[in-house]
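Note that the chains are named A, B, C and D in the order they appear, and that numbering of residues resets to 1 at the start of each chain.
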Amino acid sequence: MSLPISNIPIPAILEIRENVIQDLEKILIKHQFKRVGVLFDSFTFEHYKIKVESSCTSVKITTYEMQADLDIHALTDFAFDLERYDAIVAIGGGAIIDYGKYIAHIRRVPFISMPTSASNDGFASSNCSLIINEKKTTVPAKIPYGIIADLSIIKNAPTSMLLAGVGDLMSNITALYDWDFEEKHGVATVNHFAAMLSKKAVNSFIRTPMEDLTRPIFLKELVSSLTMGGIATVISGNSAPISGSEHLISHALDKHAEKPQMHGLQVGIATYIMANVQNHRAERMM
Amino acid sequence: MSLPISNIPIPAILEIRENVIQDLEKILIKHQFKRVGVLFDSFTFEHYKIKVESSCTSVKITTYEMQADLDIHALTDFAFDLERYDAIVAIGGGAIIDYGKYIAHIRRVPFISMPTSASNDGFASSNCSLIINEKKTTVPAKIPYGIIADLSIIKNAPTSMLLAGVGDLMSNITALYDWDFEEKHGVATVNHFAAMLSKKAVNSFIRTPMEDLTRPIFLKELVSSLTMGGIATVISGNSAPISGSEHLISHALDKHAEKPQMHGLQVGIATYIMANVQNHRAERMM
Amino acid sequence: MSLPISNIPIPAILEIRENVIQDLEKILIKHQFKRVGVLFDSFTFEHYKIKVESSCTSVKITTYEMQADLDIHALTDFAFDLERYDAIVAIGGGAIIDYGKYIAHIRRVPFISMPTSASNDGFASSNCSLIINEKKTTVPAKIPYGIIADLSIIKNAPTSMLLAGVGDLMSNITALYDWDFEEKHGVATVNHFAAMLSKKAVNSFIRTPMEDLTRPIFLKELVSSLTMGGIATVISGNSAPISGSEHLISHALDKHAEKPQMHGLQVGIATYIMANVQNHRAERMM
Amino acid sequence: MSLPISNIPIPAILEIRENVIQDLEKILIKHQFKRVGVLFDSFTFEHYKIKVESSCTSVKITTYEMQADLDIHALTDFAFDLERYDAIVAIGGGAIIDYGKYIAHIRRVPFISMPTSASNDGFASSNCSLIINEKKTTVPAKIPYGIIADLSIIKNAPTSMLLAGVGDLMSNITALYDWDFEEKHGVATVNHFAAMLSKKAVNSFIRTPMEDLTRPIFLKELVSSLTMGGIATVISGNSAPISGSEHLISHALDKHAEKPQMHGLQVGIATYIMANVQNHRAERMM
């Protein structure tokens, strides 16, 4: 007898291109979603709600503007107040994506992730960060059924967000080093396929010219590499392929710094520090 | 109702490193294989049979030296003459890997691929090339349960083989362009996840310094990128992510050239030609 | 292109026999669970906690006595207070099984169901019933990784519980009739494999001699048939194979009756009523 | 770390009813099959070819009349001569079903099984019986994507065929006893879910009134129970849930008897003999 080949779930929708928001209904129809709940944060509700509603004529769309800083109890109540949808879509930044991922998880409904920035890899991963007892906590969440990233929207995000995305992606390098180190010391088991995805994601990105952060080719490389890192976590079943000691530094900053910065920015700096500690590829990151 | 998230089978064993052949038994035990049939070609039988046999003490290994140029009937007879093994391992070049993949398929036994060269991506893909009625034919085969690539062995392969591997990998670029083109013209459906794997594989490789083809870092990049391309075909269920018009040129050469060259070499040249025809990234390939 | 064959998750552990509780550690070890959280209700905490603890020597067991009538917020808090276990086991009646299933779901940890009565099919299904805003609500939950039913324990449950189990199983007949009826009227799609499991479960049970409800053969038939019904819901992705109009009557009783009875008892009576309404197999149920 | 929940492939099409052959095109369209190859034996070619062809107007059907007694080489040649279809359908008795299953396996194309008799459980299982070197040999084959059993056709099969089906189904009882026995002696591992399916299949059938073998309710019970037994073999990955010592007796008869009888008839007799040897449930079979 042998162990079975693993079967890994992969996103059934993976659309990373300009103006893909216009094709939302077409995509929903292709996947047989007829009644869909769409979650917005305040910003995306103001800017994209009408666009989304007016672009969907045969699919029945119900929109929700979610408040900031909801904790897990508020999200649980919200989730079970919702009627039954064929899918839940979240459009916006990291927080609203995390809301949608948890809500879809506890209602067991397909989740579609529509990030409007590329500031971290959360839009493709299977965990989210929620407030429990007033503390940010990493929580299992729905594996995205679909990822729809509109590069025309993402390129308008503030530069700091793109840089944060770069930081979060670069951390794959130190995270993989740590994972390997942990396996050698008997406290972890590397999933080689997940590690390969994470490594190819960052390697493919690392030499892309970065003079102009709004060039479609740069954005597509960034977003698709963040996506592949996120999928690596789905495959390994944990965050090890993209999160190591550099993330621990960032978590510590979140707790103790007076003014914590954006996740990806903190992670990016910590990655450079840890790469020096590991004495591994630090010069590549300059 | 919605369509389900796809579950894709991924290799349970993925070991690409130097001297991994020494760990073969350890890997087999970890995956609970107790009785294993190992296929060699003449070259690997001469050079590695004793090494493999002597390294396995508790796992029962039975070795076979396979002749060249067996056709599908000879392989079918061979397959059903074999006793029942927990796994079939093939060690050698493309032909013996293809034999093993087909034999494992029709006997429904896990297949472990141990390529001794990196001249193409066949060791990781789900098809093989067999002789049917005296013609080379592409045939569905067992998806590898495991891929074990020993870089210490692969680096000793002739340079032409490594270059062939580079050629076969570069063809991902033109193949992806063709796939996209076909989708736009309604004759194919791109699997975006498979396409992403294939693209990241070649992008990650493309800027690796190539001065010294025997450097471990170069070899590992080459072999792992070929692997990821092969896995992309498993995901898409066809060869589209890594095989387009440039492969058709190579197939035509196989049929009509007086002296066809190695698959990867022909494909590499054809890739450069097609990149010019497509007017897409040809300069990147120089 | 065709739709893929569905892959359905099935319990990796399925042990229905006398005294299986004594083999708990052996089963946990076989499945590589090293640290396990075990949830009890007051009754099972009193009667089985010591037995479970003393029977596990190498697997690290942490036990919890759960209060009655916890709502979804209390369970959420409890879940995220727990340390990380390899698996969560729930031992007891329907309520504690439901707690465990939800906790395991939101923590994404394998769940092992150890029912101490056979009063309904919840121990094998993928939903649970929780209190949300003071109302019993059906909630998606973890698909059991394992089902371990000790017939020596179950046979000591009050007779009313066994009768309730019979009632809940008989309802498969009317539920399947309703499902078929709904499909004919275009408001549902029957999953034929799930329907087949549910039907064979009840058909296999229906003629078992019922003179002595504590006979092992009767108990095994009852528990295994309830299990197969529960698994049918995992396959269909909804409760349709085992829950139709007769369940709606029971839900209405829960809301409006002065003294609602046990779920399975209400369902059993309602099944007989609906079988007469459907004019289908009512005489078989006498 | 724990082992994953197994994902088992189940038939996407499962239609067991009268006159379902009239709905063939509707079923093919629902599953997006556009070009289909249909294999007949001489009998079904004569009786059903025109019916099938004329009932399909938008799906492109190509029909083949297969000779009897083709060996594995002939089938291999036939398979790779075929153009590429979206699915292969086999309509007829056990032999043609087995041809289709093997052809679909080596071409990696979805297979749809349309048995015209219920003389054994081969139409739902994942093995077939082919001639290799002039000997009947059990060979891995395609897991059916679909099973379409038209009871109006099956009821016209000779009574001996129905009795053979009964015999093959009854053998589940002795096969399960043997499997259990083998596990107790450390030479096999029972898959409890597969065993449960096989047992419920035969238990559900065993008390169905058998006065009139052509009653739809009897036929449906017989065919669906044979189907569930076949699916059990897909789940266990071997034939153990439905084939034990009684099948060995039948295989021996095939080899040594002057006039071997139909598989299911031999198996049925051998089941009764073995049930007496096992001293287990023999009286139930009278």
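Observations on the structure shown:
Throughout what follows, a residue touches a chain if its C-beta (ideal position, glycine included) is under 8 Å from a C-beta of that chain, and two chains touch if they have at least 3 such contacts.
All of these numbers come straight from a predicted model, not from anything done at the bench.
Repeated interface, listed pairs A-C, B-D or A-B, reference C-D: A-B, with more than half of the contact pairs matching by residue number.
The greatest centre-to-centre distance from chain D, using averaged C-alpha positions, is reached by A.
Inter-chain centre distance (chain A to chain B, centres taken as mean C-alpha positions): 32 Å. Mean C-alpha position of chain A lies 46 Å from that of chain D.
Chain C has its Cα centroid 35 Å from the Cα centroid of chain A. Multi-chain contact residues, meaning those touching two or more other chains, occur in chain C at positions 1, 3-4, 6-7. Residue ranges of chain A in contact with chain C, taken from their complex: 7, 72-73, 76-77, 80, 105-108, 132-133, 137, 139-140.
Per the touch definition, chain D reaches chain C in the complex via residues 1-15, 31-33, 86-87, 110, 143, 145, 192-193, 196-197, 199-201, 203-204, 207, 221, 224-225, 227-228, 231, 235.
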